[in-house]
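Take this structure first; my questions come after.
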Amino acid sequence: MKYAYFPGCSLKGTGKAYEESLLPVMKHLGVEMQELDDWNCCGATAYMAVDEGKACAAAARNLAIAEKSGLQQVLAPCSACYLVLNKTQHYLHEYPGMRQTVARALETVGLRCEGTSAVRHPLDILLNDIGLEAVKQKVTRPLKGLKVAPYYGCQIVRPYATFDDQTNPTTMDRLLEALGATVVKWPLKTKCCGGSLTGTLPEAGLRLSYILLKEAIKRGADVIATVCPLCQFNLDAYHPKISARWEPVPIPTVYFSQLMGLAFGLPDNQVVLHRGMIPMKPLAAPAPAAAAAR
Amino acid sequence: MSKPKVAFYWCASCGGCEETVVDLAEDILGVVEKVDIVLWPVAMDFKYKDVAALPDKSIFATLLNGAIRMSEQEELAVLLRRKSQYLIAYGACAQLGGIPALANQFSREQVLKFNYEDCPALANEAKTRPQAQFTEAGRTPHLSQLHHVVRTLDQVVDVDFYIPGCPPTPNLTKAAFEALLSGKLPPKGAVLAPDIALCDECERKATKPTDVAFTEFKRPHQGLWDSGKCFLAQGVVCMGPATRSGCGAACTSGNMPCTGCFGPTSRVRDQGAKMLSSLCSNVAAKDVAGIQQALAGIPDPVGTFYRYGLAKSLLRRRVDLPA
Amino acid sequence: MTKPWTPRIVAFFCNWCTYTAADLAGVSRLKYASNVRVIRLMCSGRVDPQFILDALARGADGVLIGGCHPGDCHYVEGNYKMLRRFELLKRMLVDFGIEPQRVRLEWISAAEGEKVKTVINEMTQQLQALGPLGMPQKFTAWDQELEHLAQAVQARDAAAGPCPTHAAPSPTPEVVHV
Amino acid sequence: MSAKKEELRIGFYVCHCGHNIASMVDCVAVARSVEKLPGVALARDYKYMCSDPGQVLIQQDIREHKLNRIVVASCSPLLHEHTFRGATEAGGLNPFYFHMVNIREHDSWVHTDRQEATEKAKALAEAAIRRVAHHKALEIKKVPIHPDVLVVGGGIAGIHAAMTLANAGKKVYLVEREPSIGGHMAKFDKTFPTLDCAACILTPKMSEVGSHPNITLWTYSDVTKVDGYVGNYTVQVKRKARYIIEDLCTGCQDCIPNCVFKEPKFTDDFNEGLGKRKPVYIPFPQATPQVVVIDPEVCLNFKRGKNPDGSPIVSDKCKKTCVEACGEKNAIDFTQKDELKEIKVGNIIVCTGFKTFDAGRVPAYGYGTYKNVYTSLEIERLVNASGPTGGEVILREGKNPDGSPKTPKSIGIIHCVGSRDKKTNIWCSRVCCMYSMKLAHLLKEHTDAELYNFYIDMRTPGKGYEEFYNKLLEEGTHFIRGRVGEVTDWAMTPEEEGKLVIRVEDTLAGVVRRIPVDMVVLATGLEPQADAGDVRRLFNMSCGGDGWFLERHPKLAPVNTFTDGVFLAGCCQGPKDIPDTVAQAGAAAAEAMVLIDRGYVEQEPNTAFILDQECSGCKSCIPLCPYTAILFDEERKKAYINEALCKGCGTCVGACPSSSIVQNLFEDSEIFSEIEGVLSYD
């Protein structure tokens, strides 16, 4: 299995831990990810709000490069990238006007976007292409006893329900269970993390982060697992402020891929748990018998 | 008193129809006794100018076989029409276009190119093609030219009667002569054969089940066929149900399926469409894939359903060819 | 004033589903291209492939057949029979040089007025892009070679002078048409 | 050719239909264009052809102008062909010398360019003119109607239709798949807006059905096959084994307390799973017939698994205390098998009802996740005195400090769950606003809780309905306008702890609100039955895109289907309340009686026949006929059609390879001339 890999800016910056953990995990599962040559900004959600035409053109350039590469599947781990690329794909198919605008823009750089490639999320690929059975077979250190709150955020399920339910997604739940973890009942799976409001309107934005963290602790979670660099950042970076404004809610937030690496027994530098600001408690050592059996 | 004048002529045909006239055997004597033959290129030496010299309508009946494929054939058809009281399309080619009309699937250029350049059995390095005219030693002979379209006789001139078949049977020919000479004629435009499909006289009819459901189709060379059983019951396309009878089921008696040379019954406008309809309706499958699989046994529907009737079909010819 | 060319579609709709759906489209005041002319039959199974070829030969640029959805035929299975004919006819028409988009089979239930609209509009658009099939015009064009020849022969004969008419006319037996 | 061909004199009429046609089609131009066609004796345009003067005009013209063919260009033949055939006949012509052109539904109503619409009308008219020249005089066949009626479904619609017919002296078979009739209505506590007790008004009707001499009641039965046509249907009914001989069971129910299971422990469907029942049970106290039923899935006297014929395997391992209790009545029969019955009826009324929307499909509302989220039907049972709690409203989860079950102090009712929602069902289920208010009233009465209704729009069109809404407002029930976003258990304040929080945008106040409640009621919408598709096929009906059975005409034939002799009543046709259901059931019964009392149906003479001289006996047509109407005469080696069995689809005609089959009204020559006609415009 080979996918075109669109990292986007976050995975090279604030969300470095996502890339650092996802790449080895995928490799471990025999998935080949070929980073797109000369990719550019996906346009992100902000650009879409300013100028849809230009935003689509920017995103479509990446799709065009993917088409040119001959790889029909584009793997976009960042939620914002995933949404924007998908949205562009939808616009190209549904609005002839947009198709023209984009075609004209791409023509100037000698590219064409037919809109034929599929934009895929890692969860989608793990569940539907690789399958949980294959994942389970790679688990050498089951996350027994680890209580995880699966946090999907908004962008991978809204507005497009591409591979999971919009209000109650379950793909990550099933993945975490396959890793041996306990998934806590957590009705805030797709609630807002505060998004960019944490920076612009902290009272509103941080409050949303605070609710998520508080509810996760209340429901007995040891850790929050996320799929989105912005969610991870919001839930991880503002503890001092939240603590000052409301109460301390010390719970770590990590990428699901980090938990996978952990369960696969990958080396620490591929699990990169040290990148989090709230440290995750070490797992209980595996029972000697179980360890011997491996 | 002089005897009625009769002409035989051939256009684009194989000569088989002429054989039928000969196949009348001793009966031909009876015919010859009652008529004067004024034109019969295959057997006797007359010149066109002799015909041209005849007064209009002075020939009692002309039996013309072959499709109209060349300019010369058309010219003669027009001439003979003018000279004849009755013009009879004799045989499948004159009636329906016949085998020559299968060329209506190709353009004139394709036909010429294949026959004078690409045909594997050909030695024509100069790629010489027939010319309409050329000058040699100060003389300029004109040659007949290939038309773009192969036509039935009635697509060129008015036709009074049709005698079907590839070739027509001696019996039908004899009966037609008798009718002509006795004056007991059906209405103009009639086909001088029974107006009922071939199954009526096919001995295999009784073996066709009433619940046929096709799962596959076979072509005659793809198997050995039960010589007593309906071909359709064996999955072999037999045009009998869509073809006029009158041949005495000659092909099925010889263990070959009917290929449709007698053309459709009078009620049908397009023989191929009707045969297609009948066969397909009785395919067993209900899903597109299953249907396509069953019908894959008919790889060339045009050649199968319009083997003789393409020129006379509703579309006449492949539609995207030049005129 | 010459009107710009627009395609002509002859439609054969079954009485129970598609014709009723077209009535529903009317009752719902849906708007669609006026290029289609509907002929009502009781069942899509009645659609004789001759009708389709005849329509094309007489100047239709496309033929649309509408029947009940598979399993819903008012006459149990008439629509399957049409589907089977359609599958081979489509292939045969390609051999005749006719684009497959020109003949279309659609399952439209009595409730799908909206589908009548979309299918007709879509087909009109497709045919517009394909351009006219124009069989009657083609027939005329094909037969021009006959006229050219006739003119040439006439000219030649005229040059050669009148036909000698010395031969006696053939005796004609009395004709009784039976 | 027989007699000399009669000269063609066609009369053509184009109808303005007020402005319906005339506004988009130049009717005068159409008449002028048709006038010039060969065979046309006169062409007129007229305001309303279907009116009496319009019809009289045709009749007069036939006489005065010696017309022998009539063409009317107006609306759909499905609407008025009958009318104009009548006028043609009244004028002294055979009615089949008439043909109709649809220039309203197929032209003026669907096009926007007057010139194009007029051209189209001309072409369609020319096609009809050419076609009608080929028409032949035909005779209408009259087929007698079997006077018995089948009513499918024993809810309030089926009960009312069956009673209406039976009281008029007609014999009725009422087939119900559950062990008792009563349907959804039997589960309701009270009915809106009058708040009369559902059982009080329904059960007398139920027992009347059970004892009516003209009604054969078959419960626990399925219709498995329907053959035939209007007036002459042959129906196969499967009477499922209930392991009780109905005639011997007196309804004493002694077997139930004596079952080896001392406590009821199996899900009680009638109580929406809120209660339990035993393997031998009666669905509810007023069940009709008063006959118990044994569930072989859980009864100990059966083994798991099935016999080769699909019936359960009797183990005979149980002590059979029930048989002992039944005693001499001997009504219990463990060897009973499904039984197939065949009946003949002339008409069928389909009243198969609805199912409620599966609330689990909207995960945001927490049904199945939070125990104290209920569906409306569960509440109906909960507030019902004969329900699983005896009418006491207690929560599924949570106890009082003393260990007793908790009663809700605050209740939220969420409207439009599975209705008016693109993600689930787009239609309005029509009854939810009203029943939600009814439940609000009943819940308040039972618990004195704070009641909140969350609605998108209040829809109360009905006699006394708006008044009921006003009454609720006065009672102090809160109405909050807004579609609820979610039901959740995460608390933001101490007051919310331990409660269900309803998050909603209050669109009147313009704020997002969080309302903590103890109980959430989801007003689930109505959906077509899960097997509506199979039922539709069984009775040869149509379904709308939404899955409800389709009536022949939404206004003029609301209980008819496209199949003659099959009628609809109740929610199987679309959501409706009890008054409308009963009205529709009465209408369906009346429609059936129209046919029964007339005694015969007229059959469209569009049957096919084989030209005997021309048939070669190729047998291609024989397997094509779904009605086995085509037979082979072995002696003459030709096929022939049994006209009585032919339904007139024309499939054999389309397939006859030598065109030796002719379909009346749809002859090849008629259709070819129509093709020529529609393509005649420039």
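When the chains are written out, they are named A, B, C and D in that same order, and each has its own residue count from 1.
We take it that a residue touches a chain if its C-beta (ideal position, glycine included) is under 8 Å from a C-beta of that chain, and two chains touch if they have at least 3 such contacts.
No experiment lies behind these values; they were computed from the predicted model shown.
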State the pair with the higher C-beta contact count; candidates are B-D and C-D. C-D
With chain centres defined as C-alpha means, what is the inter-centre distance between subunit B and subunit D in Å? 58
Subunit C to subunit D: how many Å between their CA centres? 39
Computed distance of Cα centres, subunit D from subunit A, in Å: 48
How many Å are there between the centre of subunit B and the centre of subunit C, using C-alpha atoms for each centre? 26
Indicate the residues of subunit A shared as contacts by at least two other chains. none
What are the residues of subunit D that contact at least two other chains? 624, 651, 654-655, 668, 672
Indicate the residues of subunit B shared as contacts by at least two other chains. 268-269, 274, 277, 281
If each chain is a dot and touching chains are joined, what shape do you get: line, ring, star, complete or other? other
By the document's touch rule, what are all the touching chain pairs in this structure? A-D, B-C, B-D, C-D
Subunit B-touching residues of subunit D, taken from the complex the two chains share: 613-620, 622-624, 632, 637, 651, 654-660, 668, 672
Once bound in the complex, which stretches of subunit B touch subunit D? 195-200, 205-206, 208-213, 240-242, 245, 264-265, 267-269, 274-275, 277-278, 281-282
In the complex, subunit C touches subunit B at residues 45, 48-50, 52-54, 56-57, 70, 77, 80-81, 83-85, 87-89, 91-92, 95-98, 133, 135, 138-139, 141-146, 149-150, 153, 163-178
Can you name the residues of subunit D that touch subunit C in the complex? 76-79, 102, 104-107, 109-113, 116-117, 119-120, 123-124, 127, 536-537, 540, 542-545, 550, 562-563, 606, 624, 626, 647-651, 653-655, 663, 666, 668, 671-672, 674-676, 678-679
List the residues on subunit D that touch subunit A in their complex, please. 362-364, 366, 369, 486, 488-490, 492
